[in-house]
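A, B, C and D label the chains in the order they appear, each numbered from 1.
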Amino acid sequence: MTVIEKNVCCTPSEMSSEAFTLGPLQLGPPCCDPEPHIQIKNLSLSYADKTALSGVSLDIYRGCITALIGPSGCGKTSFLSSLNRLTDMIAGCKIKGEILVDSVNVHAANTDVQALRRRIGMIFQKPNPFPLSIRRNLEMPLKEHGIRDRYVLSHRVEKALTDVGLWDEVKDRLDSPALALSGGQQQRLCIARALVLEPEILLMDEPCSALDPLSSAVVEDLIKSLRGRYTVVIVTHNLAQARRIANYAGFFWMQERTGTLIEFGRCQQIFEAPAHQLTAAYVSGARG
Amino acid sequence: MFKINQLIASVLMLAITSLTYAADQKLVLTGSSTIAPLAVELGKRFEKLNPGVRVDVQSGGSSRGVSDARSGLADIGMASRALKDEEKDLKSFTIALDGIGVILHKDNPVKTLTDQQVIDIYTGKITNWRDVGGKDGRITVVNKAEGRSTLELFTHYYKLKNSDIKAQVVIGDNQQGIKTVAGNPGAIGYVSIGTAEFESGNGTPIKLLPMEGVAASVENVRNGSFPLSRPLNLVTKYVPMGLVKQFIDFTRSKEVADLVEAQYFVPLPH
Amino acid sequence: MDNSHQAYGQLMAWKRDHLMTLFIWLAALMVAGAFLWLLGDLLVHGATHLSWSFLVDAPENAGRAGGIGSIIVSTLLILTVAMLAAVPLGLATAVLLTEFISATSRFGRLIGMSLDVLAGVPSIVFGLFGNVFFSVYLGLGFSILSGGLTLACMALPIFINTAEAGLRAVPDEWRAGAAALGLSRGAALLHILIPAAAPALTAALLLGVGRAMAETAALIFTSGYVDRMPSSLMDSGRALSVHIYDLSMNVAGGDANAYASALILIVLLMIINGIAQSLSEKLLQRRIITA
Amino acid sequence: MSRSRTDQPLISVLAISAVIAAAILLLILLFLLRESWPVLNKVGILRFFTDDGWYPLEARFGLAPMLWATLAVGIGAVLVATPLGLAATLFTRFYAPRWLALPFQRMVALLAGIPSVVFGLWGLTVLVPFIAAFEPPGASLLAGILILTIMILPTIALTADAALAAVPEHYLRGSAALGFSRATTILGVLLPAAKAGITGGILLAAARALGETMAVLMVAGNVVQTPTSLFDPIRTLTANIALEMAYATGDHRASLFVSGLMLMGLVLVLAMSASRLGGGRLHG
């Protein structure tokens, strides 16, 4: 077993090499002193007739990118949706165990789900901008969360679009339909739409898999640039991508007809020195 | 937002004012569909002469008109027949006369039928025109639906029970009868004489048969010689007073004879 | 042997294909024939009576003369009342059925089932009900309000069903996207789902209007027979279809105007169709481009 | 379900609306029962089936012949309209030349909007005399079936069109790739794939046929009898109400409400069988 250096995932040189557009870091250097942002304790998730996940426990660290890898159908998306309680929308979905965000259980009965989801943004596999103008896509969620000041609105719209590198591309046609954008632009708009609410956590469900390679690269760079500012949990099938962008990685696998977390650790460790045989086989491309 | 509020407010205002708006005085007439078109025209002229008064006419049937007048649902009931014995507690006022005549298709060579022949045809004893001097062909008996006063008058005149009649077509209103007979050379029916005269005069292929040797014509209804005629009545529960009296007097006056004739009925003699 | 079998099979398939083509062309011809016959009949008998004054004048001499101005106004008022009552109620029910309760839940099944039955209730039964409930029990009398509310009951199940289908056709990604942004269900409906379903909702409205406009049986006993220009919703008002029925069945010499009124009714329907269609298309263009 | 506090008032409003919408049916049944109660109480429901003849003024209340007539005219119309309606849809989708397809479809849609009174008028003045020339009286079960066919055909055609539009494109491509003929593609692939939607449309059309009043009243002859041939005049339950309602009082009126109840019974049976038939729904 290789000894893993403590700060290996985020050397200062790597940090400075990134071309950030996001301004100064708001948090200390990520991962150097890992502090759990979300703690998942013995999470099980079942739909009406089958168990999708069982016994998942892990900590997700503040300011880091955590990649979830594994074959299709082993519960990664269900896991992701349980973090912002989007599983509530699925009839018959039951959850056991605890999910603590900043030590507060999100599945408690008295949770304000809408406030929770404002703190935890989500990006979907297929870009899903609303059938509205580009501007309305960003303004509408803000207005719904009580921000009505025109100056604040336009300022935050511009900032979010700048953050995702879309501002220059769309600033002259903010009132044209969002669905007229290209796939990659749409996905960046969706990320902007999540960012505009200034969340702490971003959940991403295979955000690049529906995009062509070029758009995919742009979005990937964007995600990488979020490191340090947001806690990102990303599901991906692209192992190379996970390796390129993530600080931590978790490997899911089907065992006894239910999804389980096989191994969780630093990204480099998972890919270079997996502790579990299944992980080793999967990351080497032998299985799955 | 402001605009929408304004819009809603104005719509509400409109609704409220229109709901509360009502004419000063309103007369409601219900009953006989035969009289209804005439009553509408009478009402219109009455409204013109008496501003502020509204006359609402609802079509139904004679029995309905009688029961609505009795229950007070209507100020005036319309009945295209004389009151029956059990209805004699009500007051009736004749505003016009109408005759009921038997009609055949124009191409039917039969020129006349005796009362007995009509009875035999309607009770199904005679089913072929050959038996009454016509061409070989099945007779299509056209009867009115139960409850219509035309039917009651017809069965009463021929001393028939409705359940004795073997009809091939049962119709509702008058024009359906004319259209049915006009479309079927073997058909026999009975309808209001005035309208039948008008229709045959305008090229509809029907003809009226004489009854007891008297030609079925508006003229013979007017002079009282045609045996199967009926009064068109307005019916009230009490002795008319005020507006009701004013309206009934108006409808029985000479001034409305043109309206009565325009609906192919016979005005009262003056 | 095998070869001839195959050839036979091919021949049969060829024959079947051609028989089918023949049948379909014949059927289409028959349908078109019946339609053109009907329309031609209407045009021949009614077209000469059409004029601007026919549209705006009040009926005279029991409808034989004059126009149908007041009848058109009554008809439109009845329709407006019907739609004002049916659309909010129907939209709310459709939203509940699609967005909030599952169709298999007991409540969902109960509502779905009763709407199914309601959709099949004959119009004449609606007429009986409307007469007894709105006109007599609620004391609205023979009035545009009674007629409109009766039609609302009639159009409701069709409207709900079509609106339901439209809402269900809105992609789930938008629901998930809205929820993930912490939007309330109400906000998601108002800003995204209902606008996205607008074309289907318009179609639903059209179906409702179409059914209501062509209705005779339910209106005779509720909105009544008075052909005067209505001055309030509590006035009795004769609908176009009732007018056509009375002219053709009860008024000697009323046929020509009956045919002309029927033509107007059809044209009105076409206009309403056209307006609604272009409205929903415009809405679609403004808000949605499906790339 | 996510029931955040802000959604609760909305859900209440929606639930109330849905309950009102569903309650209309209950109200209808209730009021029909209330109005027919006097006569049901007096002579009992059974006599409406067993009495011979419908002479309510002579206290004979036999509705059974009208029930059979209603069924006969409804089923007949559905049997004729289904192949024609499907053919009309297939014509616009696959057979019509491009310039004709859209006008034809518009025409069918317009046919759906023509009021029943107009069909009735046309039937009375054109169709009935036509039939009478061969087999008097002309006003008959056949005339009713034909008029109803034209009336419900657009319903079948339009719903079938929607159902066919929903058949995934790749079915068609798959069939074409296998070298199937057009007829085989339609009969073997398309129609089976769209079966649920088409069945729904047919049931909807059946409900329309059973419930149609004015047109049938004008062409079917309205004689109360159990039909034994296509040329027999018949009276349907709906026509019975429309013909006599305006004139009826007392027991006669109450027994017309019994006709209404009987119609509701028919619709209930139809709706039940619709939900039996693989979840097909009765409306649209």
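Simple rule for what comes next: contacts are C-beta pairs under 8 Å (C-beta built on N, C-alpha and C of every residue); 3 or more make two chains touch, one makes a residue touch a chain.
Since the structure is predicted, the reported quantities are computational estimates derived from the model, not experimental observations.
*Asks:* Find the chain most remote from subunit A, comparing centres computed as mean CA coordinates.
*Replies:* It is B whose centre lies farthest from that of subunit A.
*Asks:* Please state which pair of chains has more C-beta contact pairs than any other pair.
*Replies:* Top of the contact-pair ranking: C-D.
*Asks:* Name the chain with the Cα centroid closest to the overall protein Cα centroid.
*Replies:* C
*Asks:* Which integer distance in Å separates the CA centroid of subunit B from that of subunit D?
*Replies:* Chain centres of subunit B and subunit D, defined by C-alpha means, are spaced 33 Å apart.
*Asks:* Counting in whole Å, what is the centre-to-centre distance of subunit A and subunit B, each centre being its mean C-alpha position?
*Replies:* 81
*Asks:* Go ahead and note the Å separation of the Cα centroids belonging to subunit A and subunit C.
*Replies:* 48
*Asks:* Touching at least two other chains at once: which residues of subunit C meet that condition?
*Replies:* 179, 184, 220, 248-249
*Asks:* Touching at least two other chains at once: which residues of subunit A meet that condition?
*Replies:* 89, 91, 113-114
*Asks:* Mind pulling the subunit D residues that touch 2 or more other chains?
*Replies:* Expected reply: 1-2, 4, 6, 125, 218, 242, 246.
*Asks:* Over in the complex, which subunit A residues touch subunit C? Could you list them?
*Replies:* It is residues 84, 86, 89, 91, 113-118, 121-122, 124, 126, 128-132, 140-141, 144-145, 177, 179-181, 190, 193-194, 197, 203 of subunit A that touch subunit C.
*Asks:* Which residues of subunit D touch subunit C in their complex?
*Replies:* 1-2, 4, 6-7, 10-11, 13-15, 17-22, 24-28, 31-32, 34-35, 83-84, 87-88, 90-91, 95-96, 104, 107-119, 121-122, 125-126, 150, 153, 181-184, 186-187, 204, 207, 210-214, 218, 238, 241-242, 245-246, 256-257, 260, 263-264, 267-268, 270-271, 274-275, 281-284
*Asks:* Can you check the complex and tell me which residues of subunit B touch subunit C?
*Replies:* The touching residues are 15, 18-23, 33-34, 36-38, 40-41, 44, 54, 56-59, 172-176, 178, 194-195, 198-199, 202, 262-264.
*Asks:* If you look only at subunit C, which of its residues touch subunit A in the complex?
*Replies:* Residues of subunit C touching subunit A: 102, 171, 173-184, 187, 191-192, 195-196, 287-291.
*Asks:* Going by the contact rule at the top, pick out the subunit C residues touching subunit B in the complex.
*Replies:* 60-63, 142, 220, 224-228, 231-236, 246, 248-254
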